[in-house]
Structures are given as structure tokens and as C-alpha cells.
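Dropping the structures in below, format is C-alpha cells.
Both complexes shown next keep chain A, but they swap its partner, so chain B is in the first and chain C is in the second.
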Partner chain A sequence: MSTPAHGSALRADQDRAAAPHEAPGGASEGRRAVLRLLRGVGAYVLVALVLAFFALPLLWLAAAPFDRNPGITASLPEFTLRNFERLWHSTDAVHSLASSLVLAVGSAVLVVGCSALAAYALSRVRIRGRDGILYALLLLSSIVTGTAAMVPVFLLAAGLNLVDSYLGVILVLTGGLLPAAIFILKDFMDTTPRSYEESARVFGASPLRVLKDVVVPVVRPGLATVGVWTVAQVWGNFLIPFLLLRSPDKSPAAVVMYTFYTEGGQPDLALISTFSLLYSLPVVLMFLFVSRRYGFRFHGGIKG
Partner chain B sequence: MTRAAHAADTAHPASPARPADLALDRLTKVYPGGVRALDGLELTVRDGEFFALLGPSGCGKSTLLRTIAGLETATSGTLHIGGRDVTALPPGARDIAMVFQDYALFPHMTVEENIAYPLKVRKTGRAERTARARETAAELGLGHLTGRRPGQLSGGQQQRAALARAMACRPRVFLFDEPLSNLDARMRLEARTFLKKLQRELGVTTVFVTHDQAEALALADRIAVMETGRLRQVGTPAEIFRRPAGTFVASFIGSTPMNLLDARATAHGTLRVCGAVLPVPGDPPPPVTDGEKLVYGIRPEYLDPAGDGDARPALEGTVEVVESLGSAQLVTLACADGTGVQLVVDEDHEARPGDRMRAVPRAGRALLYRDDALVTAPAAGTGNGTPEPARHTPREG
Partner chain C sequence: MATTASSAEPAPPDGTPPGGPPEQDAAGLGRRGAALFVVPALVLVALFLVLPAVWTLYLGSTDYRLTGIPAVDPSFVGTDNLTRALGDSGFLRSLWLTLLFVLGSAVIGQAGLGFALAWWMRERTGWLKTTLEALVMLAWILPSSVVAFLWIAFLDRDGGTLNALLHTPGAAWLLDHPMLSIVVYNIWRGTAFSMMLYSAALGNVPASHLETARLAGANGWQLLRDVVLPCVRGHVLTNLLLISLWTFNDFTPFLITAGGPDGASEILPVHIYKTALGNGELGYGAALSFLMLLINLVVAVIYLRLLGRGRRARRRPAADVPAPRGPGAGDAPGRPDDPGEATA
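Moving on to the complex of A and B:
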């Protein structure tokens, strides 16, 4: 903000130095106004370009599903709902959304439950090298669900007889997401004063009761954040379900999307765009709902 | 037991049928790592007493309060509340209520829900606990605020909500951790008066922790002064202020610390203090041996500037600093041997740095310490009516 103002002051000084005899309010004043205008236009053009870069795919996503002949460009659609009808009759698509839901909800419940207990314990019990453990887990977790661990994860799942089961996918995804979830929640737990819990204890509340009545309500924004974040992560994960779920009827939406090709091997843009829209809506709606209800926060703290 | 007691007690928390004296017997707390936070404490708090635990930070006063509450377990020794051994009981079974320094009001509950929470934990019916919460809130002037969240209350209101929550479960003993420290200076005086009045009206045994000696003196019926996990002195505010048992208590109590001056006994049964010769304080004066090293204690408030021609024995020095205390002035004198002596003089008194000044100890107020123990006998009229044996003698370490 201050740089342009500073720059213009500098330029004004230079102007005055170049034409020392010029009367103030003369031609230099006019030139400055033009410069200012040009700078303004330039800035807005830049902003518009950046916005367009990010808005175009979204615009395509909003328009293409309603288009009779969608292309790869965003254009005003020839309005139709036929694409939705086609999708409805494709059992794969409907099934896949249900299976995405199972995976997302299952993982979210597991991640929120486990990370809340772990974060509470890590926050309240002093363990030697606690932060080191947390950072190591955080670092390794990006490998666990990544491409690097693809083969070992599959072998492990095969060994445990978890290939082609939802549980296997949920466990692997949960394992990958837990460290970050614990990390986020531990911060919330840390900023919850111990006196809350002690106060409840003095009144005779059992540890489980303290957790239910005091700790969980106080860190609820954190739990909501972790829950939504988990759902979004699982919803968009392609690799693990692709790897572990062998029967096509169990594939979640992210995997099924990959199968929308015509016999000729061309991507079926009508189906892909329609499905993409349906696929992204639940997550967007969930974000809006939770954000309105709790507000997203990635750090703890009690609002006074 | 607890619920039966509550059901029986409908009128007032301090019914005579439930004596609530507190007795500590050789109570010791050693933290893992070997820190001895409490070292064999012997203490009795009488039924209905307003009792202060006073000391600098790290003296163990908070640990003691938390051990009484049951949030810390004693390493050895016992704790009795109302004649019942509660040493091994969990906090909820001790029939106590605690108000924390930050009040610990649950931010997600309304004031009413907060006040009713202890009753909810004790499985009191919804109708009764709501009624009792409303009643208690109204008693403390929070009647119009029951629907608010703690975050929407001022500091003073939060404190009263925390007090109401503690009162609603009608405990035998109240524990307050630094009850006034979270309030601003103006509110603090108001809350202090309120707290004292409330405690008197309820008549519930109350133990509170503070590091502020003025707060302890103003609120408490009796004070225990602590240092490094031990009790240094237990007594009424007047006793502790007038006759500190040791030099630690002497320097800790009082808004201006007591002058503790090195003294040496002379062959004539007098003391040589900062170049001046003063009589041995006490009536009768304690025996001193020639050449013995002692500590002469006199509060700045009990040193009076001597007028011209005043021949009484006095400390003499040059005025170094003059600080205004509002209605009085604190003057620091530099004696001949360089020792600093402070005295409080009237606001009208003319004192300028560089002036010579003589300070006369007020009769019966000077104290003499030998090996950190008070040797001056109590003068008649300063014992505050309490028989001397009631005074706690610190255990020798």
C-alpha cells in the first residue's frame, strides 16, 4: 500500500527537479493524474486476469452440466437437464457417491474420536520428547497415504485381509490424517485452561464426565474443523480407494469419475461435468454449514 | 453421605450440626523430582473462620490449597474436614467448593447453567437446581444476568457468578485461590468488602490464598504466613502485623517493609544500632549479653521525627529520598554507618534530601530478634486479647 504512494512522491520530486522553473499546478500535475489513472487501470486488469484464471474452471463447472454439447471451454449453455437424467440412470455414479459418503463419514468419526483422545492425553500428560514424536508423526504421515507407500500399504492390506473392504480404506486414510488432526486439536486442548476441568472435578465430576461436559464443548470448533477437513480430504482422495477397492461397485466418486469415457476413449464431458458438480456440492455445502455454525479456526483459544 | 447431608440441610449452609473445622497433621507434599512443596504442616482452621494462606510465590500456599481441595494428593500426613479424614478422598467427596483464580466459569454455559452445574453433577432434579441457581444468583445481585454467558460479564460479575456456583452446592468449606487478583485496582477494594461481608453472613469456613499481605490483613480472621513449604507464623492480622515471629514475616507484612537493623548489645544493657544507642525494647526487656549480635526491628510507621531539643534516644541520619504516599511521606535516612532507615512522616512535615533528621522509635513498638526469633515480650495491650499459647510456633527444621 505504502509503496505506490512513496513511489509517486518520489516521482513528483523528480518532476520538480527536472523542471525547477515550472509553476506548481501546471503540466506536471496533469501528467501525474494520467499516470495515476494508468496505474489504476493496470492494477485492475491484472486482478481481472488472475480472477479469470481461477474463475473459469468454476464457471465451466457451473455451465457445462446444463449444456447439450459441453466442450472444454466455458460458454453460455444450451439449457438442458438431460445430463442429470443420464447420470441418474448410471448406477455406478449414484453408488459411488454413497460409497464416498461411507468412507468420508467413517474416516471422520474415527479421526475425530481418536485425535480428540490422543490430543487430550498429549496435552495433559507430560511425556518426554512429546513434541518430537508429534513432529515426526506429522512428517511421516504425508508419506503413509502418499504414492511412496503405495506398495507396502497394499501388501499390508492384503496381509490383513483388508483389500476390497471399506474398513481397509478407512483405516489407511485415518492413519494418514491422524497426525495432522492431533496436531490441530492439541493446540485447542492446550489453550483450554486446566482450571475448567479442575473446577468440574472439585464439584465431583468423573473424568469421563469432565470430558463430556467441559472439554468437548470447549474444543467443539476444533472438532468441527477436524471433522470437515477429514471429510474433504477423504472425499477427494483417489489413490487409496483406487488401490484397495477392487470391485467396481465399491468405488467412491473420485475413482468413478475416472471411468467416464466413451467407447472411443474420449472423455464424456457431459457426464464428467455433471458428476463433478454433484460431487463437489456436498463438500461445499458442508463447509458453509460448519463455518456458519462454528467458524473455522485452526488454533485454540477461548473467546472472552 | 454427601447427598444425605445436602437433603437434611435446607436452610443455611452453616448449620451447627455440620462442624467444618479443618485440621492438618504433618501434611507433606513432595513433587516428583524431589521438590518439597509442603513440609510437615500442622494447622487447624476453626469452624466458620476466614483464613488466609499468605506468602511469596513458590512458598507452597497454592499447593496447600490444592491439597485441601484434593487436586493434589498429600505424600504423607492427614487432613480432616469436620472430623472426617478426607486425605484419600477424591475432590468431589470432600464437601468443599473452590473458586479459581480465573473463576473457571464454563464458557459454553449460561450463568444459570454454570451455577447449577455442581447440583447437576450431584444429580439434583432439574426443577430444584434451576430454582436454587436462580435464588443464589439473585442473592449475589446476578438475578438479571442468569441468561448470559460468562464472556458477556464484567470481571466483578464473573467473580460473583463463580462465588454463586460455589455457594449453590452448599459446601462445608470454601477455598478461594487468589480471589481478588483478576480484578482491577478499583474493583478489588469493592470486591474485598463484599467478600468479607458475604463470608460473615454465610459463616462457612473459608480458606483463601493470596500473595498480597494487605489483602490478607484486610480479609482474614487469621493468617498463616508461609515460606518454602513451611508455616512461619499463624495468628490474627493484628498479631502478625505487630509481632512478626521472625524476620521473614517482619519484612513480608506491611505495605512498607519493617526496618530490620543490625544491633549489638553493649555492656550497659543497651543496643548500638546504626551508630545510635537505644534501649533494649520490651517490657520487661529481654536479657542480652555484651557484644551479642541481634536484629532490631521497627516499622517505618512507628518511627517519629524528633523535634529540636528532643533528648530521647533516636536513630540519626541524612535524608536521602522523600516519597509521597498521599496522606503521608516515606523518608529514607542514611545513618552514619551507611545503613538505610525508612520512616513515615506526616504530609505536612518538611523534609528535603540532605537534611539531618532524628527518628525516635515509638514506645512498645520496637522488636528484637535473636537468631531470627522474636525475643521481645508482648507489651500489655498489644496481644489483641488472644491467649499467647494459641500462637503457632514454627517447627524447627
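Moving on to the complex of A and C:
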């Protein structure tokens, strides 16, 4: 950092700040203490407000699923677990969670597989124009979002006969997530030592074998990160399945959740709240797992 | 590593197998093997990312529709759609609303609140910090359909928790203040990212700088302005660009207000959805999508430029020599530099 500019700015502050120190009058001491107290109280009031801001919308999710008669207002529940039992018997709800699982796992497998292969090759072999490819990929994935490309994505799926199929949703989502996944994994691969691979090769292992037995165990945290990240992205994605899946029994939880409260008269609050909680649980657990296990890190494109 | 990658000749003469592995290629992939490894990913990306982008460009210059004659035989209309968009009050209004949404919820709301939170948390531990952090993160990781309903319930006219708290029964927040509602919602939803990024950035401010400043008697504000901000300027820019890009492309407000009432909260993604798939004007909708892609492109290019410059700048003082190579968008820091290109 530019130290000269720093230094002068600091010195100016030092002069300004030094003045009160030289006049330790009793009265001003007292006033400063009161001021400091007020500032401290003010800060805590602000923090309390922010805490309330973030907590209040969540209260309902915590209370309503366990309430015998959940209303739209968050309130202390008359405790029951009956709502979960009802949910279990609602075929819509169970089906949609299964759909979400299929989409999430399918995309994760595809993303991790393809990005691991690509990242490994890009990390170990200097293909001409590699940096250009990575740059272009990253650029593309950040500008061609589901929202900006929904028309051609819809037409493309129609043309490939992929409307109303899980595969269509998985492929579209995978295409969008791959560039960032490759970027993250390449960072991981770049930092792993190559000597293991060289010795494995001396013993005659094929490249695929080296990747499977030598590289994968070393970069497992990276693969886990990418896998969990993909699952989280797909699990919550609303737009792509909303566009591409037509039959209600295939809709994943994100879409079914939306139809629960937009279609048909009085929303069933017991069902909606319980379903919300159950549907949210996996991502929360995954997040806790990852942040405990690997710590929460910024990777690749996100790193400042 | 003695020899270098041979990009000029396909088979080195020294007896290694054809397509032979250059020395630095530890796994013995060879160029052909590497290409094979990259192909699956490239095909998927080309088909589901590049093709839609190009297709948007083409579609945007036709009068393609979901139904009717133009659905069977769309005709080329050139830039008519774009000219139409520039005079379309519906589009211009949604562009303006999008600008308000991005400025209000991302640039001011998320970034401001995120920085304030990171600053407050920086040297703190204890249950209050943990709770606050957990709640902010929770708002960020819950699925969007769920948070959308949570906000619908929270702001509900008759029994919403907000009205119960404020003793304003019957206040229809979503109908009377739809933009304000989705702006506040998005601040709630996305502040976590700014908070984490700024926390990481503040953690990187050299402790010695802070100590020196404090010994010199600088107060909190002076510390922030003269020591911290110059150190985290890069992070601030990164953060602003990313959250702007994400907010600009966010479809979730559709789940809360569906663009209503009467288009009062119809931000661009919702407007495009309604135009293209609601009204079936695929061609015109694609032209609007193209404008959106263009805006995304500008923001993303600025971002990647900064990223490249930041990496070069960081490499320089460490090695104490000018960075050896260009923009290096794909260069990971710490990667041993390849010994250059072909030397046959």
C-alpha cells in the first residue's frame, strides 16, 4: 500500500487527536465519559434493532410448524408434532422433496465430475489459450443468468425435447454452474504437489487412474465444497424448474412451495410452514457441516 | 523441471510416446488427453450457456411469438425490437424500478449494513455476535421460495407479524409500498455476503497499521477513513459489483409481489418473464434479454478487470519485481509460473 500518503494522513489525525490529551480537565473528562456511555448504548440499541430486523421474519418459520392452529402471525405455539405427520401423508409434498433431491444430486454429480476433469487438465497441461478460456467462461457464467436467458433456454429445451424432464433441468443448471466450479477446483488443484502424480506414473498408472487414486484424495475438500455448493444452488433454484417442468408431480420443492400459496383459496398454513421447515433443513445442515469442517472460505472469483 | 512444453511439435523426438507428455505434465496426460478431459465440461457449457447467449441475439431480431403466425414462420425485423424497447414506457419504467432496486437494496442497503456489521463484529466475541451472525447467514442460505413466503406472511395485511408489532392492522405493505417492500426484503436476504466479505477484508488490515494509528490517538472514524478504507478499497469495489450483478438478475421479487400491483414492482427480470412467456412475445422478450445481457457484460468486464489488476498488484510487492505477465484472469496466485511457451 502507498505508505507516503498514509503517513501524512495519519500525522494530520495525530495532531488533531493529540490536542484533547494535553488538557486533562476534570469537567471534560466527565463529559467524555458520558459521551462514551451514550455512544455505547446507542451502538447496542442499533445492534438490537438489526437483530430484530433479521430475527422477526424468521420467527414464523420457527413457531408455526409446531403450532396446533398456526396463524399468519408468529406466536408461541401450542406444541404439537401432528403437522409433520400430516405432511408425511401429503403426496405432493413428499414427491416434490424427492424431485428436489433428484435434481440436486444429479446436478452435483455432473458438475463435480465434469469440473474435476476439466480443472485437472487445465491445471496440469498448458493448453494454448487456457487463460483466455477460463476468463471467457467466467465472464459468460456471470452474464448469462437464468433470468437473462430464459427465452432461449426455454426454446432450447423444447427443441431438444427436454421440456418436462429432469434431465433438461439438470443439464441447464449444470451448464450455468460449471465455469465457477472449474475455477474453484483449479485453484485447489494448482496448490497440490505434483510429485505424487509423477511417482504414480513411474509405476505405470494411467492418467485417469492417477486422477482417481492420487489427485482426488488430495483435493477432496475442494470436491466437497463444489458438491455442496452445487446442491445448495440447485436445491433453492426456482426459475429453471418453473420454466421447464410442466407436470405438477415433477415439480421440485421450490416450485411446489410457490404453488402452495398462490393456487387455490385459503392457504394451508400448517402445511406450508411445516413444509418450509423441512425443505430448508438440508441446506442449513449442509452449511453447518461445511463451515464446521472446512471453515468458510472465499474462493476463486469471489476472492477480492 | 528442465524442458518445457512443446506446443509447436506434436511428437518430441526423444522417444516419448506420440502426443508425448511434457515434463511439467505430472500425470502424463499429454495435450490430447487434456483436451479429452476438458471436452465434457466445454460441451455442456457451449450448449447451455454459449448457445442461449447467441440465440438471444438472433431471437431478439425477429418477431417470434409463442402462438400465432409468427410462431410458425418468424420474420427478421432487425433492430426494430430494440427501437421499440427504447420507446416502450413499460420497459423504461421497469428499467427505472430495477435501478432503484439495485441502488437501494444492494449498493446502499446490503453493502452499508454489511460493512457496519463487519465493523461492529471485528473484535468481538460472545453470544450476541454469534446470534447476529447466525441470523444474518440464515437469511442468506434459506431457499428463495421459503423466504419469499416468510416475507409475505411477515408483511401480511391482516395478521402479519409486522402489523401486529406496529399496531397498524390492515396496512397493506405489499400493495401500498411494493418497491419499498422488495428493497427491504433484499437487504435482509443478501446482507450476509457483504458482511462476510468485509469481515475477511477487515481481517486483512495489518494489525500494526491499526496499532500505530491508535497509539497516535486516532478515533474510530479516523481509523476507518485513513487506515481501513484505503486497505479494503479493492474489496469494496468487488463487493459492489458482485451484489449489483446478482441483485440485477434476481427473480425472487416475483415470488413476493409478482411485479404488482399494476407493474409497480415489475423489475426487469419479471418484466421479461411477463413479456416473453406471459404475453408470448418471445422475439421482443429476447431483445429485452439482450439488453440485460449487455448490462451484465459491462458490469462483469469491469469486475474481471479489477480482479486481474488486484492480483497483479498483490504479486508485485511480494516478488519486488514487475509482474511477468498480462491480465492473468485465470492465474491463481501462488501457482509456479510455467517456464514459458514453445522452445523447439
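Convention: the second predicted complex is superposed on the first by the 237 of 304 C-alpha atoms of A that agree within 3 Å, B and C clash if a C-alpha of one lies under 4 Å from a C-alpha of the other, contacts with A are read in each partner's own complex, and residues count from 1 in each chain.
As a working rule, a contact is a pair of C-beta atoms (placed from the backbone, for glycine too) under 8 Å apart; a residue touches a chain by one contact, two chains touch by 3 or more.
Keep in mind that what you see is a predicted model, and the values were worked out from it rather than measured.
Visitor: Under the stated touch criterion, which partner chain does A:A270 make contact with: chain B (first), chain C (second), both, or neither?
Guide: Touch status of A:A270: no partner.
Visitor: Classify the contacts of A:L122 with the two partner chains as first (chain B alone), second (chain C alone), both, or neither.
Guide: Only chain C is touched by A:L122; chain B is not.
Visitor: On the superposed three-chain arrangement, identify whether chain B or chain C touches more chain A residues.
Guide: Touching more of chain A: C.
Visitor: Looking at the overlay, what does A:M257 touch: chain B (first), chain C (second), both, or neither?
Guide: Only chain C; A:M257 stays clear of chain B.
Visitor: So, A:W235: does it touch chain B (first), chain C (second), both, or neither?
Guide: second
Visitor: A:E198 in the overlay: touching chain B, chain C, both, or neither? Say first, second, both or neither.
Guide: A:E198 sits against chain B and chain C alike.
Visitor: Which partner does A:A108 reach: the first (chain B), the second (chain C), both, or neither?
Guide: A:A108 sits against neither chain B nor chain C.
Visitor: Just to be sure I read the superposition right, which of the two partners does A:A224 touch: chain B = first, chain C = second, or both, or neither?
Guide: Touch partners of A:A224: none, neither chain B nor chain C.
Visitor: Which chain A residues lie in the overlap of the chain B contact set and the chain C contact set?
Guide: Chain A residues touching both partners: 195, 198, 200-201, 302, 304.
Visitor: Using the touch definition from the top, list the residues of chain C that touch chain A in their complex.
Guide: Residues of chain C touching chain A: 5, 7, 22, 24-31, 33-38, 40-42, 44-45, 47-53, 55-56, 59, 113, 117, 120, 128, 131-132, 135-139, 141-154, 156, 158-162, 164-165, 188, 196-197, 200-201, 209, 212-213, 216-219, 222, 226-227, 230-231, 234-235, 238-239, 242, 245, 249-252, 255, 268-269, 272-273, 276-277, 282, 285-286, 289, 292-293, 296-297, 300-301, 303-304, 307, 310, 327-332, 334-335, 338.
Visitor: Going by the contact rule set out above, which residues of chain A touch chain B in the complex?
Guide: Counting only chain A, the residues touching chain B are 193, 195-196, 198-205, 209, 213-214, 217-218, 220, 302-304.
Visitor: Would you pull the chain B residues touching chain A in the complex into a rising list?
Guide: Within the complex, chain B touches chain A at residues 2, 69-71, 90-93, 96-98, 100-102, 104, 106-108, 117-118, 121-122, 151, 169.
Visitor: Considering only the defined contacts, which chain A positions touch chain C in the complex?
Guide: My answer: residues 1-2, 5-6, 9-11, 13-14, 16-18, 21, 43, 47, 50-51, 53-61, 71-74, 110, 113-115, 117-118, 120-122, 124-128, 130-135, 137-156, 171-172, 174-176, 178-179, 182-183, 186-187, 190-191, 194-195, 197-198, 200-201, 207, 210-211, 215, 232, 235-236, 238-239, 243, 253-255, 257-258, 260-261, 272, 276, 279-280, 283-284, 287, 296, 298, 301-302, 304.
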